[in-house]
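Same chain, two partners: chain A is paired with chain B first, then with chain C.
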Partner chain A sequence: MMESKSFPGNVDSLDSLREYVGERAQQAGLAKKPTYALKLAVDEIATNIILYGYQEAGLVADFTVLSEITEQALMVILEDIAAPFDPLARELPDSGDLTKSLEDREIGGLGIYLTINGVDEFSYEYLNGKNRNKFVMKIAST
Partner chain B sequence: MKVTITDQDEITVVEVSGDIDSKTAPEFERNAKVAMDKSKHIVIDLTDVGFMSSAGLRVLLMVYRNIRSQEGKVVLVGVSEEIQDVMSTTGFINFFTIVEKPEDGVAFLKQD
Partner chain C sequence: MAFQIESVVGEQVARLTLHGELDSLSARVFQTEIEKIANQPIEALVLDMEDLSFMSSAGLRVLIYSKQKIGPKLAIYIVKPQELIVDTLTKTGLQHSVTIVDQYPV
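Moving on to the complex of A and B:
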């Protein structure tokens, strides 16, 4: 069954957002490390929605977390009503960038890199006037 | 998130507790700057930090650059396994000395 929960689109929500994702991960039986990776991924994408999709655009709105636990996976979707923004469209840091000295490197794109790297599946779509960022964590079979 | 700054001889210790995200990172950054104005030998104690996003990595990057330009040193203390994983994935880990206890950090900085 899909569960839905909304949060105000400001950075004060990040704490409770991570807590909520943590609860869902626990219900799904995710281990500590994948739970952390999912919280990080959701935090990074939510931060982009809040800071750029909403605040920079002068938009005051909520964003919604849809989630579903099946036998195989925990799926989380962040849904927002900001202008279409595909996080996968920008260039990500490659291994050359990530081994560069910290003095020379560009800091952009780290959040999205961590997101994609941390979850089993990440995808984006723009549907019915909403950005939908989808995260999937597979549940290890025991 | 809470930040406490203490001086131990020539070394400034920045102790952070709570989560470092895009809400709290500016406060972490402000305190790190205060600490670097006091001393070029900095210990950042993350023992009580359970979560750090890329907003925190950005502050660490700023600290690293600032300390390098002053020919100072920075040591991180008590970095959780998950945060070390993130630092490793992003290639940050090779540029920082990480120790377990604050006293190890102070001892490291007193070596020279």
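Moving on to the complex of A and C:
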């Protein structure tokens, strides 16, 4: 069964968002490390939605977390009504960027890099006027 | 858990102790602390992270900012970071630019 929960679109929501994702991960039986990776991924994408999709555009709105636990996986979808933005369309830091010293680094791109590298599946679609960022964590069979 | 930071700034060493979760909201507080010491002749920035349980890329950006603002000669020591935070530093290649230690002075 799909569960739905909305949060105000500001950075004060991030703490309760991570707590909620942590609760869902616990219900799904995810271990500590994948739980952290999922919380990090959802936090990173939600931060982009809040700062760029909403605040920079002068939009005051909620975003919604849809989640579903099956035998195989925990699926989380972040849904927002900001302008279409595909996080996968932007260029990710490559191995050259990631070995640069701090003083030569460009600030940006790290969040989406951590998202894609942290979850088992990440996908994006724009559907019915909404951005849908989807995260899947597989549940290890025992 | 709410983010907290304590700063002790000496002549050459600034020691910041971070507690709780470092996200894009709390990173602003962290960055403000860095801005306060940015014009001082600091040689080492010691970040005690034993009680820090979460760090997003917003926290990484403050580390990058520290080096760029204070200068390339600044040594950054991260004391006792939790395993999952070390993973983030490793994945992003930032562990090459900081020194992870069990205690400071080393």
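Note that in this section the second predicted complex is superposed on the first by the 142 of 142 C-alpha atoms of A that agree within 3 Å, B and C clash if a C-alpha of one lies under 4 Å from a C-alpha of the other, contacts with A are read in each partner's own complex, and residues count from 1 in each chain.
Note that contacts are C-beta pairs under 8 Å (C-beta built on N, C-alpha and C of every residue); 3 or more make two chains touch, one makes a residue touch a chain.
As the structure is a prediction and not an experimental result, all values here were calculated from the model.
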Report task. Could you check whether chain B and chain C clash or fit when both are placed on chain A? Result -> clash
Report task. Figure out whether A:L98 sits in contact with chain B (first) or chain C (second), or with both, or with neither. Result -> both
Query - chain B versus chain C as contact partner of A:K130, first or second or both or neither - result: neither
Query raised in the report: Now for A:T47: first (chain B), second (chain C), both, or neither, which partner does it touch?
Result: both
Query raised in the report: Which residues form the common part of the chain A surface touched by chain B and by chain C?
Result: 11-12, 14-15, 18, 32-33, 36, 39-40, 43-44, 47, 50-51, 98-103, 105, 107, 110-111, 113-114, 117
Query - Residue ranges of chain C touching chain A (in the complex, touch as defined) - result: 2, 21, 23-25, 54, 56-58, 60-61, 63-65, 67-68, 72, 76, 84, 87-88, 91-94, 96-98
Report summary line: Note: in the complex, chain A contacts chain C through residues 11-12, 14-15, 18, 32-33, 36, 39-40, 43-44, 47, 50-51, 93, 98-103, 105, 107, 110-111, 113-114, 117
Requested in this report: Note which residues of chain B are touching chain A in the complex, please.
Outcome: 19, 21-23, 51, 53-55, 57-58, 61, 64-65, 68, 81-82, 85-86, 89-92, 95
Report task. Over in the complex, which chain A residues touch chain B? Could you list them? Result -> 11-12, 14-15, 18, 32-33, 36-37, 39-40, 43-44, 47, 50-51, 98-103, 105, 107, 110-111, 113-114, 117
